[in-house]
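Look at the two complexes coming up: chain A is in both, with chain B in one and chain C in the other.
This part shows the complex of A and B:
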């Protein structure tokens, strides 16, 4: 069985390498070890989204029973998205759970994830806080997502206002990532974030 | 109990139950009771204990019946019956109305016929309806072109690739056309992949729910294809066992005996929360929910109560903190990640983890739940007071529940002592063994009454305050008094007159029956 998993992964690896998307640099895949059980994927943030210009790294673990069970995928790059946990990078996507089909490939998974970045499903959220912001304060959501893309995925847009607020919290002895997470959650209200951290 | 009070009560009861007393002792030929046991005994329940073979026969008969009516394969008939709670008439009616819609809803056919698999598989789908079990095999050469293009770089592809060969999209190897199988949806995969796929699914406990391997395709794999391809005896057995379990569970009139390692299945046409006793392992259980019999409390409430009572371990705390029951099939679900959109592993019901509402009707209402999660202690002030009050109330009922449970066990010891005492008496020549038999009857009746009494406490706990609750608690108190009275008399059997004891038995049983008649939810008043 494992043999089939390896031969499938090898073929899919080639499929990704030969695909149009790799020419456009929108998806990438590389090996982590020699046994083909773990791979590293990378997807580019789709244009006209807050993730534009960012590169998002994914951890892909291939189970023994692949392709009859789905690969285990999570974001290594931190991301602000309703369907992806801002803490663990866990992804809520049907094809990675019950709707996985043996005929799907790594390429379809990567493209589906890219599509997920372009079209969030706030009614089916993984991260309730992000989803709330997405629906209720959409402008702030776009700003936060863009800021996270800049901070973690090499996105182009900087937000001096955000950075200065994070710096304020850092000066109080808070870890940068914690500060960013709390400020994002509190809609960049420094007072509330401070209250949340110290109460 | 003080003997004065006891005398008083006795006389009270004598007055109150004079009619009953006579009724029981003289009414041997009362045929109302014999003609309609349902009216006389609120717990009367007709059922049969069947073996796995009996049930297989029964299900096969249903399948055969449908086969002959609709001219379909047994495997297809099973799927259709499973989807309709084994209601033959419903299947036939739906089939006559719209066969296509029926096959689509039972996931035999895809909702819309796939465009790419043109004529051959459409014909195969039509064939399927006309009972051809060979409909799974595609010998088509029409759809090969689209598949083989992707195989050009495959290392395993042979140089001299023949036109009759193509690549399986799952294992990526090229194989002759006759190795390929497909369902009504036309998605075609090689034999080996189907086999491994089936085995993987069976290993995970999935049997009749196995679906097609293609993306976005939920067509179900019928039993005969699985059994054609899976050849390992272990896996075949497992598949058949799981499938059988699913069939029994989907049949409303059948229930597995919950006794350890017991293979018996109880069948009854009356689907209600009454007591069934397995004839093999003698386990008594509620027919509706399969747990310990719990009249007068209903299935949901006893479930709630038992979960609450399991509080002496951290397990209960963990269960209440991390798991919830599926709102449809009530299986316990632990959420170990993922979003609030849950799909029950058991019954495939989609629901919201936060509010347990149906996900379909849910949509944008999600945020109600999010608020609830973020801020669970609205009106935090009174919560502590409320919690304390709630605990006090709970303990009141729990202590009594637990007390009766213990008494039941203690009275088992009383029976053992009783047996010894009777033995000594018989040895000493005071009466024969038969003379003292009534004491065992009394003890058995006591256990029966106390069992019911024990289960009145969860019922009372979850009752809304009001006149009905007052009435219930009044009857409960009466029953309790009579039971304690009976218990007292049995323990002092030597000094109690036999007639007095038997009178007390009648009274206690009458109280119990009255309470059940008034409050046992399954009773249909005729």
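This part shows the complex of A and C:
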């Protein structure tokens, strides 16, 4: 069983390396250890989304029972998305759970995640706070997601207003990421964020 | 499964022993007393400890039965040998190894083919075709009706 997992991952690795998406730099994959049980994936944020221009790194753990069970995947790069935890990077995607099929591969998983970035499903959220913002204050959601893409994934758009609010909280001794997380959650309302942090 | 055979060992000890191993070893003077242990023992051995107050055990047992049923179902799917010139898949998408000519392959109702051991392992987990996600059991059940 374990042998099949390893031999399949080796073949898939070659498949990804030969794929068009690699040539276009839209997905990437590399080994973490020699035992082929852990890999690192990378997907480019899809165009015309708040994630455009960002590179998102993924942790991929291959279970011994692969391909009969799905790989365990999570975002290492922080991301603001309804179906991905802004705290842990855990992903809510059906094919990584019950709808996994043995014919799926690392390549199709990475492409599916890219598709998830382009088409969130806020009614089946992993991060309730983000999902609420997505539905209730969509403009702020887009701004926040783009800001996170800039801060963590190398995205191009900077938001001086966000940065200055984060700086204000940093001046109060708050860690930069904590400040960003609280402000994001509080729809960039500095007063509410401060209240949330100090009450 | 018979009971009440006439054998003369009427004490309690032999009653217990009889119920453990053989069906009709004990008979004797107290039929009422005898019947109870008989029924109590035989339920457990036929459906293996139903009320053992061990929920965890029971779940895995249900799963075992489910798996056994699936294995039986899967055995009805036809097996053929791979003829190298077919236009179908050249490799088994589960293990990603190419088929060899004359190798045993299992056909799913959707006509996707796989190595027998690969697809059997998959079907025990999920009764769908790994390639097209077509449910396998529905097709099997309709084929039962026609035959």
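Here is the rule we use: the second predicted complex is superposed on the first by the 199 of 199 C-alpha atoms of A that agree within 3 Å, B and C clash if a C-alpha of one lies under 4 Å from a C-alpha of the other, contacts with A are read in each partner's own complex, and residues count from 1 in each chain.
Everything that follows uses one rule, which is that a residue touches a chain if its C-beta (ideal position, glycine included) is under 8 Å from a C-beta of that chain, and two chains touch if they have at least 3 such contacts.
Because the structure is a prediction, the values reported are computed rather than measured.
Considered on the superposed chain A, chain B and chain C are sterically incompatible, since they clash. Judged by the touch definition given at the top, the superposed model places A:11 against both chain B and chain C. In the superposed model, A:35 makes contact with neither chain B nor chain C. Residue contacts after overlaying the shared chain place A:167 against neither chain B nor chain C. In the superposition on chain A, A:67 makes contact with both chain B and chain C.
Of the two partner chains, chain B is the only one that A:108 touches; chain C does not reach it.
Once the two complexes are overlaid on the shared chain, A:157 sits clear of chain B and of chain C alike. The wider contact with chain A, measured as residues touched, comes from B rather than the other of chain B and chain C.
Taking chain A as the common frame, chain B overlaps chain C at a single listed stretch, which among 4-12, 40-48 or 256-264 is 256-264. Comparing the two complexes, residues 4, 7-8, 11, 67-69, 99, 101-103 of chain A contact chain B in one case and chain C in the other. Looking at the complex, you find that chain A touches chain C at residues 4, 7-8, 11-12, 67-69, 99, 101-103.
Chain C contributes residues 93-97, 118, 121-122, 125-126, 128, 130-131, 133 to its touches with chain A in the complex. On the chain B side of its complex with chain A, the touching residues are 150, 153-154, 156, 169-173, 187, 189, 193, 196-197, 200-201, 212-217, 337-341, 343, 362-364, 366-367, 370, 373-374.
Against chain B, in their complex, chain A makes its touches with residues 1, 4, 7-8, 11, 14-15, 18, 65, 67-69, 83, 90, 92, 95, 97-99, 101-104, 108, 122-126, 128, 131-132, 135-136.
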